[in-house]
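Shared between the two complexes below is chain A, which has chain B as its partner in the first and chain C in the second.
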Partner chain A sequence: MQALLSFEQAPPLSAPLRFFLSAPLFAVLAGLLLLWSGPELFASRWTPAALALTHLISAGFMLQVMIGALFQILPVVAGANLARPRLVAKLVHSTTVLGTLLLAAGFLGRPPLAFELAVFFLAGGLALFVVAAGRALYGVPSTSPTIRGLKLALFGLAVTVLIGALLAATIGGWLALPVVKMTSVHFGWGFVGWGVVLLAAVALVVVPMFQMTPPYPPWFSRHFCRATPIVLSVWSIAEMADHQASLAWLSGAVVLVAVAFAGATLSLQRRSKRARFDATQRLWCVAMLCVLAACLLWLLAAVLPGLAEWPQWPLLFGVLILSGGFMSVMIGMLYKIVPFLIWLHLQNLGGGRVMAPNMNKVIAGQRIDRQTLAHFASLALLLAASAWPEWFTYPAGIALLMANAWLLLNLLAAVAFYRQQRSKIEALRPAMVSG
Partner chain B sequence: MHEITDLMSRNHRSCDDHLVAVEQAVTRGSWEEATTAFGRFRDALLYHFAAEESLLFPLFEQSTGIFRGPTQVMRGEHLQLRQLLAAAESALAEKDADDYAGTAETLLIMMQQHNVKEENVLYPMCDQQLADRLAELLPELRRQLEEHQEGPPS
Partner chain C sequence: MAAEVVIDARALEPPEPLLRTMEALEHLDSDSTLVVLLPREPYPLYRALAVNGFGWQTECRPDGSVEVRIRRQST
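Then we have the complex of A and B:
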């Protein structure tokens, strides 16, 4: 019955927006880091700069968008409003921003206590979010695969943070755990158990409803989000126990989970009834193609020893997943969520007497299209840089920086539009009251 | 146990199809066809709202005693959707493709997030609360939803 009551208050606009506006800043920092460290960053996935870059994108850009979106999605999809959203958003936002910055600094070897503080802030902020979201979802029946998927994604986030904290404690010398194996498990839970499960749970609703496609096939919607954490758990145990015989098959199964999601989504998109293929659909499509390409690369590296020995393939894989897969989808989602939320809040402010300008007026279509191209250019250059670092690292750094500064400008333009329209409505209010 | 959810969700999808038909006609520049298709969409949506507001919601409210809960929020969203319908209709009358595209996109997202709330939360509750009324409720809901094929609601 909790869900019955929570429909009543929509979360304040500032709750998701503060996360969305911070996300591009982390990618801008990642661009600066590329320029500062130069081609050395791409020497291996274990260089301090590569680890810092990965976390600026994953714990920075991605996490901010995902948490901001959940503030909005949980009430809509599950009727589960987070209690005291303004306060929780402020606390989670400030701690995760600070924690991610300290984590990146920690990888780069500066301030001595950076790692410890990063874990304190990041794990603390995320624990608060998981508890707040878990409380909102507690008692909400899983009437749809999406609600179940959201619950399981939160579980995936909790596991990722826990293993991340253990890793940081190991690097800091507090614990003696196998770092390489635990990094794989942390990566698996972060990208698949949290990232792909959350994305799939949301896609089950968003793709058919907004891109006007048939629904996901029943086998997928019924089993995907449930099966993924099970496959991941078995794989994690095999990884930690170093059970080589089953490990190859189990990691293959984890990769197939991602293939199933990307393949199902692409096949639906091909049957979209929308008359125009807009920026968001293009971004989704490129994202799914990148996920498939990353999985293909992984499978090839598993069977071709020549490729497996090439030190650049894990970096290429990482760029395909991070910039190509997750960032593309998230930019596409931001371009729908932010204009719609601004329209909705303006419409509520106008009280039905002043009609808010439609959402396409919030960020001009041309600005969205051009920034999308800039993102694709940065993706292409990052891919080239991971294969040929000496040639492409600096152009890739500049492109990443510019594409995300542009994204930030587009989001700020939306906020400026909101403020301008709000003052218009407020100026009309005395007339509305007396009329 | 999912009869209400299934019936009402199917009707949501059929409204979606009508809206897509308008978009396709506008993109082709066939304004006359778009206007006819929009009429079908508007009628289907308004009949859906009418069936909920006059039949399903009052029954839910009576059986749970909750009058200021989700049904009230849904009625508020119906009002916003009616305003968007009017704005889209006037953009169509003025043959303003950009204004129509923007208003229709807003309408689509507003409508779909409204539908998600109903399909995931409210309808399953109706299925649970109104299980013993299904025999009379379902045929009546069906009749009201199908009426739009005969003429627009008042």
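Then we have the complex of A and C:
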């Protein structure tokens, strides 16, 4: 076995890992916030604590995993190498972590200036990432739907950040834009234009690769990532112009986008060659079912006035999308990406003389299975808490905290495994040189 | 006589395709060609080939899979 990477080419292990290790900490904070604020958090989606919680999960957990994964995926899947990855990773990581913490503090009304500083750090860090990733992708021909999807997702991120900054300037009193409409558009671009498009672009590669399924059907891989930003753009214009006649149909089209992705993925999973689903497959399956449930809930709220008036339905919808959809998929991805990365770097350190241990040994299967169950328990309790806050808020807070502390421990176990194996390889090095 | 060694890695889970390819390269004669069939373009493999002194040609097939033909580079 020969060397796999030259040291100049290898994206440093620390670049994606620093993001992956921070992600669970934000979800632990979200659990603590639930315990601190109690059932009042679920009074409406607009309570300060609910807004802080939403952003700890979306701008905290999700964003950290997505950016960390892109540091690895861009060179591997698209052959697009970020210039100075170590420096860019450090800058983007520190600014986004700080920005998200300040954003949550800002929503909770303390300390003064937290909100303004949060926007400065988050928008600055993400703008740097968009430019660095955009430069890496510039000139890379869109030879596959995944490469095209990655470019479009990056565009979706840029739009989300821009609208978020405008929204913050409006809340700060510098601009006079319609806050509720802008929030919907920010939400749409963040979750669909960036989140779903990135997920779909990556899924085109990783679902067949890691779940042993046939490829996505051509109608999906060719058109999904391209059609989504177009649908979103038309919907955004109708939303801002308050064009009620077309808004219901266009909102339905955006929901249909999510249904198409979830439906196509579940249909592939049914044709997996694996006799028994592994944890990643279970996490993806639950995620897609949650997305379908959220879409059904949205549809029912649109046609049943009784449901639309129930103040808890948007919270239930939010938990299905955030914890059920995005978090489940991302935990499943982490359990494939982190062991692969560690295996790759160990293989490279061995220089072809020492074989890296099997990838499945990086994080023990039993640890992964148990943490996956803990995540599902936290999802069930969060769903219950959004419907009956007075009964379930505290158990949900404890479950969210524990499931994510466990996830962090599993990721740290992978890092410890890497360090231990690296020491072994370094101890063998003199013998390798003389041999 | 120039021989061809073929690895069909289209149905293998990572990192198996990379491992099998690198192992086959260990034993590749200077006048032989290793043909690897993969479900997508293997950018990490290209880097490993460049580091270890191999040349390659990639052909994309209509079904989306790729065929990578690898030979030792003459020094």
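Simple rule for what comes next: the second predicted complex is superposed on the first by the 427 of 435 C-alpha atoms of A that agree within 3 Å, B and C clash if a C-alpha of one lies under 4 Å from a C-alpha of the other, contacts with A are read in each partner's own complex, and residues count from 1 in each chain.
Assume a contact is a pair of C-beta atoms (placed from the backbone, for glycine too) under 8 Å apart; a residue touches a chain by one contact, two chains touch by 3 or more.
Values in this document were obtained by computation on a predicted structure and should not be read as measured data.
Asks: Counting only touches as set out at the top, which of chain B and chain C does A:273 meet: first, second, both, neither?
Replies: After superposition on chain A, A:273 lies in contact with both partners, chain B and chain C.
Asks: Quick check for you: in the superposed arrangement, does A:79 touch first (chain B), second (chain C), both or neither?
Replies: So A:79 meets both chain B and chain C here.
Asks: So, A:359: does it touch chain B (first), chain C (second), both, or neither?
Replies: After superposition on chain A, A:359 lies in contact with both partners, chain B and chain C.
Asks: Taking the superposition on A as described, I'd like to know which of chain B and chain C A:344 touches: first, second, both or neither.
Replies: both
Asks: Can A:212 be said to touch chain B (first), chain C (second), both, or neither?
Replies: Both: A:212 reaches chain B and chain C.
Asks: Tell me which partner A:144 touches in the superposition: chain B (first), chain C (second), both or neither.
Replies: It touches chain B and chain C both.
Asks: With both structures placed on chain A, which of the two partners, chain B or chain C, ends up touching more residues of chain A?
Replies: Of the two chains, more chain A residues are contacted by B.
Asks: Quick check on my understanding: which residues of chain A belong to both its chain B contact set and its chain C contact set?
Replies: 3-5, 76-79, 143-144, 205, 209-210, 212, 273, 340, 343-344, 347, 359
Asks: Considering the complex alone, what residue numbers of chain A touch chain C?
Replies: So the residues of chain A in touch with chain C come to 1-6, 9, 75-79, 143-144, 205, 208-210, 212, 215, 273, 340, 343-344, 347, 359.
Asks: Spell out the part of chain A that touches chain B in their complex, as residue ranges.
Replies: Those residues of chain A that touch chain B are 3-5, 7-8, 76-79, 141, 143-144, 146-147, 205, 209-210, 212, 273-276, 336, 340, 343-344, 347, 352, 355, 358-361.
Asks: Can you list the chain C residues touching chain A in their complex?
Replies: 11, 13-15, 18-19, 22-23, 25-26, 39-41, 43-44, 46-48, 50-52, 60, 64
Asks: Applying the document's contact rule, which stretches of chain B touch chain A when the two form their complex?
Replies: Result: residues 5, 16-17, 20, 23-24, 26-28, 64, 66, 68-70, 72-73, 79-80, 83, 87, 98-99, 101-103, 105-106, 108-110, 112-113, 115-117, 119-121, 124-125 of chain B touch chain A.
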